[in-house]
Structure formats: structure tokens, C-alpha cells
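Just so it is clear, A, B, C and D label the chains in written order, and each chain counts residues from 1 on its own.
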Amino acid sequence: MTVHRITPVPVTSIPRHPDRAAESHKGDYGRVLILAGSRGMAGAAALSGLGALRGGAGLVTVACPETVADVVTGIEPGLMTRPLPTTGGHLIDHRDGHWLADLDDLKPDVWAVGPGLGRSEAAQRAVQELWESCEEPAVFDADALNALADQGGDWADPPADAARVLTPHPGEFMRLLIGSDMQPEEDFEWTPENRESLATMFAREHNVVLLLKGSRTLVTDGERLFENRTGNPGMASGGCGDVLTGLIAALIGQGMEPFEAACCGAHLHGRAGDLAAAELSQPGMIASDLPRFLATAFADPGYD
Amino acid sequence: MTVHRITPVPVTSIPRHPDRAAESHKGDYGRVLILAGSRGMAGAAALSGLGALRGGAGLVTVACPETVADVVTGIEPGLMTRPLPTTGGHLIDHRDGHWLADLDDLKPDVWAVGPGLGRSEAAQRAVQELWESCEEPAVFDADALNALADQGGDWADPPADAARVLTPHPGEFMRLLIGSDMQPEEDFEWTPENRESLATMFAREHNVVLLLKGSRTLVTDGERLFENRTGNPGMASGGCGDVLTGLIAALIGQGMEPFEAACCGAHLHGRAGDLAAAELSQPGMIASDLPRFLATAFADPGYD
Amino acid sequence: MTVHRITPVPVTSIPRHPDRAAESHKGDYGRVLILAGSRGMAGAAALSGLGALRGGAGLVTVACPETVADVVTGIEPGLMTRPLPTTGGHLIDHRDGHWLADLDDLKPDVWAVGPGLGRSEAAQRAVQELWESCEEPAVFDADALNALADQGGDWADPPADAARVLTPHPGEFMRLLIGSDMQPEEDFEWTPENRESLATMFAREHNVVLLLKGSRTLVTDGERLFENRTGNPGMASGGCGDVLTGLIAALIGQGMEPFEAACCGAHLHGRAGDLAAAELSQPGMIASDLPRFLATAFADPGYD
Amino acid sequence: MTVHRITPVPVTSIPRHPDRAAESHKGDYGRVLILAGSRGMAGAAALSGLGALRGGAGLVTVACPETVADVVTGIEPGLMTRPLPTTGGHLIDHRDGHWLADLDDLKPDVWAVGPGLGRSEAAQRAVQELWESCEEPAVFDADALNALADQGGDWADPPADAARVLTPHPGEFMRLLIGSDMQPEEDFEWTPENRESLATMFAREHNVVLLLKGSRTLVTDGERLFENRTGNPGMASGGCGDVLTGLIAALIGQGMEPFEAACCGAHLHGRAGDLAAAELSQPGMIASDLPRFLATAFADPGYD
């Protein structure tokens, strides 16, 4: 499939996070279910969970290998966990591989899948089942993107109206392009224009919201295109992306439309990073600072 | 049983937490024993413990599944734990189910029961035994409320003078109403007036202090009614209620009369939430911020 | 043995902690070895360790049941641990009960023994062996005091010049008096004068430094008497004493004479509590705040 | 081998850490792999990891005994871990002792080896294999220095162009001198001049960058000599050196030449300590404060 230039509608006004009504309760802000973490990568699961909690979610549960669950709770007691069966710290299949059935009692409003998930076969199957069968909106990141890329070009369609948000960095996006049989022509150059075209085309073709990370992160649903202006290279530190994944899920859980949630999440995440860098310097700031500064970013979001 | 309007005495002056005397020691501020936590919900136990500690208790012990105890201590070293035997992370019966006998050596002045406790049969039996036999005041929350609701309408009376404080949210309150055979008439509407009437009637009928959560939390002992004015929807985040449970127990342990402790606890908890939201925004604040801001709230309680 | 009034020399000038020389290294500030902690009381071990670290020690190792060690490190990575063999979370004897031989390779300059240690027989034997055989100065607190009281009135003498500091609260002191066959006459009243006399007599009789906790903590070596003026009832919260135990050991490790270290430690500990209460309120402050405010207290010790 | 005075070129201008380019990503700031930690010394591994993260590294993985890995992540979720097989909390050989082959998939740009590693035979073999075979630059500290000293005087050469940075304190340096058959004459005195000569000669002889700790830390590559001016005796506290090890590795990972990275690291580490002491006092500051103040030091490095 060759690259065609397409011209999406630019979104210039930053979508804003919703206010909280005086008469409201936890259920109004969404149950976020995060499938993440594996042996050696428990922190990624915790950081996603913190991104969702500080992102305003009502309830956040991290489904993770049982060996990871205690670490996650120790990092943030506001996170609930669902310990999953493992072998050697990596996931094994639930009940004959029926992940959705097993996690159904948690009644999620939105999913986030992938940070630190690892690349076991069981994780691969879980991601594919979620993609194809889960009826709630879901954000796919990190190892979940690799699992999608690895499933070959013949992607099944998600259930109708079940939004899928993908948040690759450029390397993961290339793998998705190739994995979904959309690799660019051989002479394709990674220019800003081509980057926008590829992102928009991919989103339109697969009917997803694509958030393509970069110094200027792009968000597109195949029709609209948002270019984020916040953020700084101090955020090039392990785990920063995991916070974003949880944040976008939280915003969807609070009722934002998925494309707008991805735009708003990218903006607030970068804003948090800018506030962190102002206090802690670019090299000195790290991913676990972002949730705290996310709170500051909500208080002073700099939308205009 | 149909709903009758009753007119409780409104409490308009916020009951104040007691001062600490210069000549005093840990024993003067109460031993709080918290029965809480289960696999995947260790954080709830820790948050209750933190609420009790930052609420001024002299000593706080969290009795919890052994797998949860290390997580609790890791979150706050000022908490002692009593690891309880479990199967698969959930409680199993102590010594032929005699919970009180087994925990007796801890000599609690007040109990808090329920946050993250789970719904195992052993937990159910523990809650019922505490309700019926424990001679100290006890705060019942979360899964302990569900356990009470599930025991059927024929509730045993607690020992004379053993105060019981119940802290349901509206959904839990409905289950309690139904479980205690006090469901409203079919055409009952959830108006502010009916809410007050139901709460007051329930408290009077069962001889309990009822704290009914909401944007304006109510506290009643069946005679008096207090409507709390602090708090904000940023507190609609998982675990915020667990902090309140521990806090009320701590205030009882410091010598407050249970109804007044519930009123004062609701006020200070909401005040802590308002102070947290002022610094961290409503969506950005989370439950684990509350204990720290509770300290600030004590310093500037805004009682008038 | 009846109580005789004796008149110790009052110490009115607060002994000051030593400065740090520009040319110095970790070894100059002492290796503190803390024997503490048991199942359910891991936090006490960590708080003592933090008191020693923030008290200026060069190196701090917490010898504790192996199940406690990971919790301690998780709370403060600057603490080293020596995991000890246990059964069911409680200590069992080392190498045929030769505790000192087994811990010898850690080369401690000073010991702190007791916080959260529990009352197992092995712990009892460890305390007694340390009392009788350890040639370094040692601070005995909490369960170590109970172990001393339980050994009967015929106390062995420690090695010559091996200082022993005991830090009981009034209840523990009564047990020590009775255990060492020095119980007061039956009509003895707990007046301030008698309290001073008993403390001084006990210290003189047993050749120890006694720190007797209270709203005005006393320190005496049987000759001199210091009455501490800092501190507040907000410190009547579980774990505050554990921080003091570590702090005194750290000051001894930095070269202070044991009586002066106990006086200075009492002063700084109370000062930290006063600074904590000013920011966090008396009911809102907790033991784990003290190490941080101890740093502030060193910076502004208020010695005059 | 006797000591010959040599005159290195003094480096008077502090080498500065690199800026971060707007268009950059995690990979541009280096993958740091830290081999550290053992039973009872998990904190050293975590502190090194924090030093690397707050030092600006893109990705930091701590390879450590499996029992240590969860503690490390619990302290800082931005750290990834690679749990290694152990017996009794100490390392055992990987795949017939081929450490490099086993860790190869982590694709490190730079290594840091030694903090809390312990002195097991497997650790000894791992250090020697890294020294001889690892083609990336590597920082050797603490137990890794002891392992080098113990291998006898006939040191193998590292691969060409594979930089080796050694960060001993004076005691470790003496052991290295002896271990590499470079002990000073018997009448050698530890004067400032001799200290400089020995350091420079050792660095030149072994073709390493040597950072010799002290109140005025020296850095030399055998040609150049840098004397650090920051730092204070409050940093004579367990774990402070572990932070430095990670920091130097992070600076190398960001592209600094190893000698300059060691100079810059020494400066920033001392600067962080000075900022910490200003807020927390010399006795009150501890190693785990340094990573946070390292961020402040980057923001205000005081290079001139």
C-alpha cells in the first residue's frame, strides 16, 4: 500500500477536560482497568495507574501478574489490583484464555493495555482478545502495540463503536505500519509532512485514534489532526509514556470523546512535564514526578 | 416498613476535636484496631490506617491478611499490623472462627472494620461477630456494610452501650435498608427530604450512628442530624472513604462521643479534601493525599 | 529496697551534637547496628533506622527477621539490613544462640536494641547476651527493656566501660524497678520528686544512663540529672520513641559521651516534634514525620 | 613498584553536562545497566538506579538478585529491573557464568557495577568478565573494586576503547594499589601530593579514569587531573557514593567523554549534597535526599 497525502482538518483549540459536578460520585468519573506489568517491569504498571488516578479517574484497578501486584500497591495505595496467574513472573492464560470473561466483574468503563506487559504468548493473546472483543474504549500502548503489530496484517475489526486509541512512538508506529501491511514506499522519507500523512492514513484505515509521540506529538482520528505544543526533552526518560497511557484512559472514563481525550491528555502530560522541568530541570526530572505535576497542570492547564 | 417523616434536631455547630493535654501519653489517645484489606485491596487497609494515624490516634494496628501486612507497613511504618491467616489472599477463620478472642490481646479502644475487606465467608463471619459481640465502639464501612446487609433482616443487638457507626454511600445504604427489611415504599423518591428521613429513621431503629455519604454528607443518631458542608467532587476517587473510616475511629479513640466523632470526622475529612483540591486540583487530588492534608486541616480546621 | 532521696547534679546546659570536620569520612560518624523488628512490627525497626540515619550516623544496619528486612529497605534505601533466621516471623537463635559472634562482622560502634523486637525466647536471649557481653555502648528500648525486666533481679554486670542507655516510658520503668528488685515501698507516690529520685537511684545502682520518658523527659546517669524541655503531646503516637532510640545511638556513634548523647537526643527529638507540630498540628503529626524534622532540628537546634 | 611523582595537566574548568536537544528521544540519553545489590544491600542498588535516573539517563535497568528486584521497583517505579538467579539472596552464575551473554538483550550503552553487590564468587566472576570483555564503558565501584583488587596483580586489558571508570574511596584505592602490585614504598606517606601522584600513576598504568573520593575528590585519566570543590561532610553517610556511581554512568550515557563525565558527576553530586545540607543540615541529610537535590543541582549547577 503506497502513501497518499491526505489533508486532515487541523484542530487548533485544545480540547478541555470536563469539570466535576457538585452532585457526583466515583462512578461518574469512570472505572479504569489497566492490564500491564510483568517481571522486571512492575513500575510501568504503577506509573500507568498513577497517571489514571491523578488524571481524575473514579476507580483504577491494575490487572497484573500476582508478583507485581504488591509492588504496585506499595507505590500507590489508591490503586486496586487484580493479581493474575503467572509463571516465572509472566502472564499465563486465564481460564482457557478467556481474559475478558475473567475480568468482567470489574466492570471497566475504559481499558488501558500494554505498559510493561512483556511479550509472552499469553500477553499476546490477551491483547488480541481485547482488541477484537472488548466493547469498551481501550488505549493500546507499548507491548500491546507490539502485540498488535505481530498479529499480521489481517486485523479483525473491533466491536462497532468500541473506540481504540493507539499511542506509539515512531519505532512502534513503524512496526504497526509494517504489521498492518501499510509500510511506506521504499523511498519514503520521514519528513514532517509524511509523518502527518502516514498517521492520518493509518488512523482512517484502521478506524482508530492514533497518538504518534514525538517532540510535537500528533493526534488524529483520520479526519482531524491535532499537533501538541507542550512537553520537553526532559520527558525522554523511562516510564513517562506509561503515565500518558493511564491519563488518556482516565479522561475517556470521565466522558471525553476518545480523540479529544487523546489531545487533552497529550497537552496535560506535556504541561506536567514542563512544570516538572521548571522545578527539577530537564535531566533531573523523571517519570514518577509526572503524576504529581499532573495535578498542578490540571490546576493551571494553560489551554489558551 | 414504610417511610415516616421524622424531624431530628439539627446540629448546626460543628463538634470539635479534643485538645491534647500536656501531661498525656499514647494510651490517652486510643488504640485503634482496623480489620481491613484483602488480596488486591491492600491499599484500602493502609489508607484507613493512615486516616487513623493522622487523625491523632495513639496506636493503630491493622489486622489484615498476612499477604497484605507487609504492603501496609511499607506504605506507613507508624502502622503496626496483625497478619491474619488466609487462603489465596482472603481471610480464613481464626481459631474456629473466634475473631474477637484471637484479637483480644491488642486491647483496642475502638474498631474500624471493612475497607477492602472483601466478601469471603470468613470476612462475613468476622463482621457479624464484631457487630454482635464486640464491646468497644466500632465503625463499619465498605465490605463490612455489605456483610451486615447480607445477614438478613433479623439483626442481633450489639452489647449495650457498644456504639456502632455506619458509613455507607447511597448504594450501600440502599442495601442496608433492604437487608434490614426497611426498604422504602415503591414510590419512594430519593429527594433530599426523604434521604434525611430514611437516614434518621434507620439510625433510630437500629440504634446506630449513621453517616450517609453524599455531596452533603449527613450524620444522624436518630435524634440529631448534622449536614456536612466541607468536601468537593475531587474526593470522588477510590480510597477517599477509607481515610474517613480510620479518622472517625481515631476521634472516638480520643474520647469523642461517637455521633460527634462522626460529625467532626466528616468535617475534617472534607476540609482536608478542600485543602488538597486547592493545591492539587479536583481531578488531580487522590486519596493518599488526604492524610497529609488532614494534618493541615487539624491546624486550620475552619470550624466556624 | 526502699526509695532514698538523692540529689543529683542538675545539668542545665543542653549538650550539643558534634560538628562534622571537613576532612572526615563515614567511619568517623559511627556504624550503628540496630536489633529490632518482628512480624507485624517491621515499622518500628525502620523508624529506629531512620532516626539513626537522620541522626547523622555514618552507616546504619538493621538486623531483623528476614521477613522484615525487605520492608525496612523499601522504606529507606539508605538502611542496610542483616536478615536473621526466623520462624513464623519471629527470631530464632543464631548459631546455637551466639548472637554477638554472628553479628560480629558488622563491626558496630554502637548498638540499639528493642523497637518492635517482640518477646520471643530467642529475642529474650539476644537481649541478655548483648547486655552481658557486648563491649560497645548499647541503647535498650521497648521490648529489650521488657526482656531485661523479665530476667529477674540478679542482673549480671556489663563489660567494664561498656555503656548501657535505657529509655523506658513510665510503665516500662516500673517493670524494670520490679524486675531488678528495686520496687518502691507500697505507699510510694509517683510525684515529680519521687520520679527523679527513683530514676537517679536506678541509674546509680545499675551503672546505666536512664532516659525516663514523660512530658518532661528525664536523663540521669546516677550523678547528673537533665530535664528535657522540648516536645509536645502530638508525639504521643506510635513509633515516636523508636526514632529516639536510633537517634541516641547515632549521637553516641558520632563520639558523644552516652549521658550527653541521651540528653542531646531527647532535646533534638522533642525539637523535631515541635517543628512537626507547628506545620502538621499535634494530632496530625506522626512518627514517620520525625526523621525529616530531625534534619530541620539539627539546622536550628534551639540549644539556648 | 615505587611511586614516581608525575605532573598531570590540571583541569580547572568544570566539564558541563550536555543540553537536551528539542528533537530527541529516550534512546539519545542512553541505556544504563546497573549490576548491583544483594541480600541486605538492596538499597545500594536502588540508590545507584536513582542516581542514574535523576542524572538524566534515558532508560535505567537494575540487574540484581531476584529477591532485591521488587524492593528496587518499590523505591522508584521508573527503574526497570532484571531479576537474576540467586541462592540465599546472593548471585549465582548465569548460564554457565556467561553474564554478558545473558544480559546482552538489554543493549546497554554504559554499565555501572558494584554497589551492594556483595562478595560472592559469582559476583567476583561477573565483575571480572565485565572488566575483560564488556565493550561498553563501565563504572566500577564498591564491591566491584574489591573484586578487581582480589583478582591479583595480573590484570587483563579491557577491550580497546572500552572505557573503565573506577570510583574508590581511599581504603578501596589502597586495596587496588596492592591488588595490582602497585603498593607504595613502605615509607610512603598519604600527603596530598602523594595522593595525587598515586592516583595519576594508577590511572595511567591501568588506562582507566580514576575518581578518588575524599573531602576534595580527585579525578584523573593519567594525563589530566581534576580536583572537585563541591561537597561537604554531611555526605559521609551510607549510600551517598552509590548515587554518584549511577550519575557518572548516566552522564557517559548522554554522550560525555568518561573523564569529563566523572569530573562533572563529582561536581554535581557534591553540589546536590551542598544544597541538601543547606536545607537539611549536615548530620540530617542522607543518601536518599541526593537524587532529588541532584535535580536542583542540574537546574543551578554552579559551574563557574
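One rule holds for everything that comes next: a residue touches a chain if its C-beta (ideal position, glycine included) is under 8 Å from a C-beta of that chain, and two chains touch if they have at least 3 such contacts.
Here the structure is a predicted model, which is why all the values come from computation and not from measurement.
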Open item on the list: Suppose chain centres are the mean of their C-alpha atoms. Which chain sits farthest from chain D?
Closed with: B
TODO: Look at both sides of the chain A and chain D contact and report whether the same residue positions are involved, with over half shared, or different ones.
DONE: different
Open item on the list: Using Cα averages as centroids, what's the distance between chain B and chain D in whole Å?
Closed with: 50
Open item on the list: So the centre of each chain is just the mean of its C-alpha atoms; given that, what is the distance between chain A and chain B in Å?
Closed with: 36
Open item on the list: Give the residues of chain C touching no fewer than two other chains, as numbers and ranges.
Closed with: 70, 74
- [ ] Select the category (line, ring, star, complete, other) that matches the graph of chains linked by touching.
- [x] ring
Task: Every chain pair in contact, whichever chains are involved - done: A-B, A-D, B-C, C-D
Open item on the list: Help me check something: in the complex, which residues belonging to chain D touch chain C?
Closed with: 39-44, 46-47, 50, 67, 70-71, 74-75, 89, 169-170, 214-215, 232-234, 236-239, 279-288
Open item on the list: If we count contacts the way the header does, which residues on chain A are in touch with chain B in the complex?
Closed with: 17, 20-26, 28-29, 53-61, 69-70, 73-74, 76-83, 254, 294-299
